[in-house]
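Chain naming follows the written order as A, B, C and D, and within any one chain the residues start at number 1.
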Amino acid sequence: MQNSAILLITCPDQKGIINAITNFIFNNDGNIIDLEQHVDNSINMFFMRVEWELENFQISKEKFDETFQVNIAESYQMDWKIFYSSSTPKMALFVSQHQHCFYEVMSEYQSNSWKVDIPLVISNHLTLKGFTESLNIPFHHFEINNDNKKEQENLQLQLLKSHQIDFIVLARYMQILSKDFTTQYPNNIINIHHSFLPAFPGAKPYHSAFERGVKIIGATSHYVSEELDGGPIIDHDISYVSHNDNIQSLIRKGKNIEKLVLSRAIWKHLSRKVLVFKNKTVVFE
Amino acid sequence: MQNSAILLITCPDQKGIINAITNFIFNNDGNIIDLEQHVDNSINMFFMRVEWELENFQISKEKFDETFQVNIAESYQMDWKIFYSSSTPKMALFVSQHQHCFYEVMSEYQSNSWKVDIPLVISNHLTLKGFTESLNIPFHHFEINNDNKKEQENLQLQLLKSHQIDFIVLARYMQILSKDFTTQYPNNIINIHHSFLPAFPGAKPYHSAFERGVKIIGATSHYVSEELDGGPIIDHDISYVSHNDNIQSLIRKGKNIEKLVLSRAIWKHLSRKVLVFKNKTVVFE
Amino acid sequence: MQNSAILLITCPDQKGIINAITNFIFNNDGNIIDLEQHVDNSINMFFMRVEWELENFQISKEKFDETFQVNIAESYQMDWKIFYSSSTPKMALFVSQHQHCFYEVMSEYQSNSWKVDIPLVISNHLTLKGFTESLNIPFHHFEINNDNKKEQENLQLQLLKSHQIDFIVLARYMQILSKDFTTQYPNNIINIHHSFLPAFPGAKPYHSAFERGVKIIGATSHYVSEELDGGPIIDHDISYVSHNDNIQSLIRKGKNIEKLVLSRAIWKHLSRKVLVFKNKTVVFE
Amino acid sequence: MQNSAILLITCPDQKGIINAITNFIFNNDGNIIDLEQHVDNSINMFFMRVEWELENFQISKEKFDETFQVNIAESYQMDWKIFYSSSTPKMALFVSQHQHCFYEVMSEYQSNSWKVDIPLVISNHLTLKGFTESLNIPFHHFEINNDNKKEQENLQLQLLKSHQIDFIVLARYMQILSKDFTTQYPNNIINIHHSFLPAFPGAKPYHSAFERGVKIIGATSHYVSEELDGGPIIDHDISYVSHNDNIQSLIRKGKNIEKLVLSRAIWKHLSRKVLVFKNKTVVFE
């Protein structure tokens, strides 16, 4: 495993940004191992992801933030974040009764494909309690109804804070999180929606797809924002269907897309490849 | 080329339909070369496409309609149509300024990939006049504005009738046809819409796609109904895009999907593989 | 669940086959709910899958085989098989150290998406023993080396016979089965190969794909025949890759295709949608 | 249209390369508008494409080559090329009897989608003479047989040189170019092969695909090297097929992939997004 740092930068575009950053890293003896940048000319914004080896790098983690802010970030009005490969992100998994996305996540987790810790699973049903606990992951059951939602969400938030959770994955969690909840984790709650957004938002998209007679179905992973199924899209994919498909077979085929698209989004998020600006993402390769 | 007949049937589902039809063809010495059927259980409807060789078939074209209606169709409340491979459908091509779908159609037409006649091209612009005429196809220019639309459409309809046009292809024809026009050719006007319907109907879908930040774009071929971009979907396809794509590159990549999806829809229509029921299609392989 | 029968038929093409079969079913009060047929003109062969409701059907399971053989099959030289929805197929799962295909199968199995029994898992490694047993499925460990292969395979075969296994799934089982083994289950051993066959057969296809610089990788599910990776193809799918992908990321992306393609093949097999003739399949929708 | 320069660089990877280049451009008042880099760790090679605005850039085209070579390229052992957006590449189109790729190229060319000149079309058949000349492009007919091949190729080469052709597109040109020919345009002859390479190289790939019973067909665009269908792959794409497809329908469906994949390769080549190293490409977004 590499001992590296990843810097994500968003700022107004202007001449010399790339040069300033690469100079900064080079002059402090960092070896750049990956650099990706993007300019969105329609809004004149610059986006960058740069990764460098920390061996020989002259600036300690303790001093980096201030040094970079003062020497580079300020003059370019940068919005930036740094991530170190040495620290492992903590993810909370929210599930309900559906198994496919849960199994997908657990398959990746158990085989150590992802560098992530999953200290807890939260669910409004007991369906997946047994399997979760057989993997030695604590399972927390929060029954949700119209009356207790606010209260239960507060308890969930306390639990998340106590585990220092970095981001949340909604693996077909069938509850809509309140605004009070989602604003606690901006661009850090990944949802999988079972349609090709913006087509068929909301409930029962496969029923709507069947009704409309589409020949392709899809799934979309996105960050949760205040607007239902309206947050920044990370990824989607599709599957070809036909008149032969009824609602049951659409659901069956859709499950494969859902878990695939969710899994890819988690991978991209963990790889620090996703930058969000307003309601859109830049997802580097 | 085979000398065959193709029968398309739609009726309420009940026991014995397939048997009745195959008996009818077999007992009249027809050799079935293709049979596809579909039952939509959600509406209890039966759909069938059956093709048989006419050599040795005992019922002449002149007598088929009455014979089949009286002996089979009536008792099963069938809605049916028959097509003979010996007759060549007549297609009218409506274009505007975009070239890609026009070239696509002409490439297939010129290379005799399709069994179709194109006796005329209709356009509201002169852009494609030269190329159309170089292929010895008459080009008819109808300038359309808010004041003359009804009048111009009537002239177009007269022209179509005089050429005994069977179906119309809108190859990025940038005008919305009036209801009076479209009802003359129910399920016989094929449109290509440059989005993955039902996402982004109406004008400028690539702009909307860019605005929303989708990672996949698409195109949809459908029969034109009274509802704008709401008719029965024949086919669609998609292309993966990214934050790197601006509106211009979405348009560029989209052109390839549009022409492909339009071309496939025309092929399916010409092959008599498409049955329409209410607002959905059955598209056999 | 429907109580139905599925008949798979392969025979030389000739006039009247469909008619003969639909007559037979209809005259015995069977209600056809699905009929798919295919003629391969290049070899003049006819393929059919027909499914009908058994309620009211006049021929018992005990008498069907002889009745159908004598009355229909013989005169058309049919190769045929019948399956009843009331019986549940028994599948043996062969695994090794890779988890992704195993998890995929278990996710479908645990959520009852498939009508199948899995009475045992066989592996040459102990990696998946714990998880298998936590699902209350017996796990059998057969260490394989060059010296004991024949002997171990014989023990495996005895075990399979004792469980009346109908078909075997090799979920990235990293051993090549001997001819003596595979001929016991003709067209009933499903393998997943981690390339787009016929490209990159044999070992380490992702390494070969990287070496060749392809921009698409794939996976193939096929029935195991005597020729390594040469059996009848059931399905494949692909994923777009780029120069950014190294061997590790090809393997990572490939896992998603592998499990998807394997899962679809098992579904098709269980649905009795696959007919094999020589080295090719007919896979109905 | 931007007035910009594009620099393509290949060199052994080492610390400080990106920094050296961006410093060079920045210090000479160039504004970088696009930068993409790739490191292939398996061979320790560095690849880069950087584009900058020439307005205000202090180094003239006349002096650039020497300046860059002496100041930067030498010390990093760079293999590099520079392209200016102000110059329009010259492309020769080689065709035979197939129309689809030819129409595709002409559709893009006629609609000015590509910044390219096509001063001539070369063919071993007369099929496309009429259409080529109707577009005011000179058409050159070279009949090729076993006896005259070398001689004809020499005449073709003279013609290409006299038109200062930069690169050649083989749009289903059904002749194999000799090594003497291809070495004149290394990595500047784009071929479209009608299979998913490395599957089915050589003649009649659709026949082989049918024979093997694959469920996906493909097409590959690649630079022509000495090894038949073995050159660096630029792009490929696929289409799902089934047992329903005979050779004719594979050919029909394949045509759409072929022209699409060829068209995308030409676009990438014209956009200077393709770097070749040994037998592989780096194709930037």
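Keep in mind that, in the parts below, a contact is a pair of C-beta atoms (placed from the backbone, for glycine too) under 8 Å apart; a residue touches a chain by one contact, two chains touch by 3 or more.
Worth saying up front: this structure is predicted, and the values here are computed from it rather than measured.
**Student:** So which has more C-beta pairs touching, A-B or A-C?
**Tutor:** Answer by contact count: A-B.
**Student:** Greatest Cα-centroid separation from chain C: which chain?
**Tutor:** Most remote chain from chain C, centroid-wise, comes out as D.
**Student:** With chain centres defined as C-alpha means, what is the inter-centre distance between chain A and chain B in Å?
**Tutor:** So the centroids are 42 Å from each other.
**Student:** Can you give the whole-Å distance between the Cα centres of chain A and chain C?
**Tutor:** Computed from C-alpha means, the inter-chain centre distance equals 36 Å.
**Student:** Return the residues of chain B touching two or more other chains; collapse runs of consecutive numbers into ranges.
**Tutor:** 242, 244, 285
**Student:** Which residues, counting only chain B, touch chain D once they are in their complex?
**Tutor:** The touching residues are 99-100, 103-104, 106-107, 110-111, 113, 131, 134, 242, 244, 252, 256, 260, 263-264, 267, 285.
**Student:** Using the touch definition from the top, list the residues of chain A that touch chain B in their complex.
**Tutor:** It comes out as residues 38, 40-42, 47, 196-200, 210, 212-216, 218, 232-238, 242-244, 246-247, 279-283.
**Student:** Show me the residue ranges of chain C that touch chain B in the complex, using the header's touch definition.
**Tutor:** Listed in rising order, the residues are 15-16, 18-19, 22-23, 25-26, 31-37, 39, 240, 285.
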